[in-house]
Every structure is written in structure tokens, then in C-alpha cells.
Amino acid sequence: MFDLSMGKYREIVNIRTEAEGDIIDLSALLAKVLQNSGLGEGFLCAFVPHSTCALFTIEYELGLQKDMRETLQRLMPDDIEYEHHLRWRDGNGHSHIRASFLSPSLVIPFSDGELDLGTWQQPVLMELDPSGRDRKLIIQIIGDI
Amino acid sequence: MFDLSMGKYREIVNIRTEAEGDIIDLSALLAKVLQNSGLGEGFLCAFVPHSTCALFTIEYELGLQKDMRETLQRLMPDDIEYEHHLRWRDGNGHSHIRASFLSPSLVIPFSDGELDLGTWQQPVLMELDPSGRDRKLIIQIIGDI
Amino acid sequence: MFDLSMGKYREIVNIRTEAEGDIIDLSALLAKVLQNSGLGEGFLCAFVPHSTCALFTIEYELGLQKDMRETLQRLMPDDIEYEHHLRWRDGNGHSHIRASFLSPSLVIPFSDGELDLGTWQQPVLMELDPSGRDRKLIIQIIGDI
């Protein structure tokens, strides 16, 4: 149970999104980074240092991508008044609010060098800003060999 | 402060839910798993490898369980059109969207072998699928002795 | 990559909120606690052991604070009927539901002794209870020197 070979590993990956509402499957990327780490069991934390972008899990198929975009538009519409926009005129008040609800941080456990994800459960990055952006994805891992 | 006795511990627990909207209190279970670990201070990550099930914290009493079900139904109704359903005909588009908003991952710190939960704050698993299911709860812990 | 100098650090900070909807910037506080830890790379978990209070990230400016309050009021209004209130008469059903959606737990990776936060991304504590409260913020860190 106790193991003195605890270690850490870290990678930063640049991801280009093309448009608002893009949802990018991170499954293969996170699996590869975990493999690069050489670590066997522990936690992986994926994090985006951005306030109009989010990470979450979803069954990655086109239907749910559309449903997610429509749900966000129904709950936090882009065409109502946001005080953020009135003050800063950058037209992304809805993006900020959506990102705060969805979270920039996703912690996934792993064992035997494999993430504990379900078959129909993919980790994704969603672009919430009105335009595509260069996004930075930080992957920090702690575990043992 | 620094401690070379860092270790990890892991258990997988099967949980049977009976119906959509079931909310199961995990307090006693997580306390027991933490005790089994023998670890004193660190993080516990509870994770469900499912896309129509979620983990969160709530004051565990019948009133809020009803309020949570009604809030989900108001915000992500089960009787509107989901593209997921149109494509796959499995009638659980709303379940997936609710799960993405609520998250499958819950990280709780602990010290002196006890989770840092408030008196009126219980960790729970919520069934979001239209029927009861056999769910897998992964509990991964990292900490020191 | 592997490092036998893994360690942990922990602080508990008391935070006084004045009113419902208060959003408190934790940036300087978390940076200081991380510095106190002497740790270089790993995870920081901030956690509130409360069921009517939440942690998340947002661009900390007055406009978005107002937008966040208005969004919560639109999605989980304080003036509809909550079963929690009917049973317990404490008038904070909406506070509990909002807290469950927003989460009491925030995990942020760090390296070189600095949190991986974006320039316009601040970690915050939001008071969701109808009145100001004394809140406890637990900061648990695991990483290496």
C-alpha cells in the first residue's frame, strides 16, 4: 500500500479551437501524457488557465455536442444583457458565466497506467469564447511508478 | 512538513441505484475507505466512470433531494428534444447533459484520517439515467501516513 | 521526473462574508499559502466545508460579479418554492441548490511555486446563504520541493 516511489509529471499542450462551441476530445491526448509520465496509479489534473473555456466529461458524439451548445444557449443566452459587456464591450459575458459553471479543472484517477474513464465518457475541452482561440492545457499528474 | 511516507490507496465499490433521481449518501462509505487506507492527510478523489451519473455535495435530507430533481427538470427537462435521442433513440439526452454540468469527479481533502466535510455537507452519487443501474465508484487516495 | 521529496501542506483560513452574493477573490491568499508550503510542483485543493457556499474561477471584476448573481437568480430563483424550506423553514433552499451546482472543491495545479492560473482567471469564494457567515477555507497541497 505505501510506496516511496511517488512522483509527479507535467506537460503543457497547446490546443487551437476554431469557433465558439467547439468541443475537443482529449481522450487520446491525456492517455498519451499519462503514458509519457511512466506513473502507474494516482491522479491526473487537467486544467485550462482561461476564463472563457472549460473542461468536463461527456459521451463524445455529434448529438450531445449540439445538445450541450443548445443547453448553454438556453440557460446562459448570448443575446441578453451582461454587465461585463456593458463595462468592457468584449461581447463575451455569457462565455465567462458558462465557464464558471462548467469549471476549468478536471481530476481523473488512474491505475495500471490507465485513466479511470468509462467507455462512453470522454474528457473534453469546450471553447466558450465567441471566437476560436489558442488554448493552453496543463496536465499535472501525481502518482507512483 | 515534508514527509517521505507518502502513499496511495484505491478501492472500487459497486453501487446499485433503483431509479432516475436517486441520490445516495456516500458519507459512511468514503469515511470507511479512508480508514482502510491508513492514510492521515491528503486528497481523496471519488469518481464515477459513467456519463449519466454524477457526484456532488449537498445537505442530505429529503427536501433538497426533491429540490435537486425539480431544478434539473426545470433547467434540463427530459421532455424537450435532444439531438442525442434523435440519433441514438436511447431517451437519455437530458441525463448526459445533466451529468456534464454536475461532474463525475469530487475531490475532498482530509487530515487526521477524517474527510474535511461540513456537518450539513454530504458527498452523494446521483442517478441521472432514466432507469436504475449498476454503478462503479472509484475511490483514489493520495496522502501520508 | 521521480522525486522522493513529495510532501504535503495544509492551512485553514477563516473568511467573513458580509451578504448573500459576496464574491471574494482568493488569488493573493492562495499564492501566499502555496509560498508558505515551500512546495514547487503539484496540486492545491481549496475546499469549503459548507453547503451554502461555493468555490469557482472567474475574471474578478464588478460586471461579472453582478452577472453571476443574476444568472443564479434566473436559474435557481430565491422566490420559488423549495421543499427544503417547507420542511425546515430556513429560507435557503436556493442557496443549497446553487452550491451543489457550483461545487465546494477547486483543484489547481502549480509549478515553480506558482499556481497555473490565467491572467483573467481568479479563484473565488461565493457566499450563497441569505446572510453573511463565517466561512472556513481549507487549503490542502501535495507536491514536491
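In this document, chain identifiers A, B and C correspond to the written order of the chains, with residue numbering beginning at 1 in each.
Rule of thumb we're sticking to: a residue touches a chain if its C-beta (ideal position, glycine included) is under 8 Å from a C-beta of that chain, and two chains touch if they have at least 3 such contacts.
Quick caveat, the model's predicted, so the values are computed rather than measured.
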Residue-number overlap at the chain B/chain C interface, same or different (half cut): different
Magnitude of the superposing rotation for chain A and chain B (Cα, nearest 5°): 120
Chain B-chain C separation of Cα centroids, rounded to whole Å: 19
Multi-chain contact residues (two or more partners), chain C: 4, 6, 43, 75, 101, 103, 107, 142
Residues of chain B defined as touching chain A within the complex: 4-10, 37-38, 43, 45, 47-51, 75-76, 82-88, 93, 96-97, 99-101, 103-105, 107, 138, 140, 142, 145
Interface residues, chain C side, partner chain A - complex: 1-4, 6, 41-43, 56-59, 61-64, 66-68, 70-71, 75, 101-103, 106-111, 116-118, 120-121, 142-144
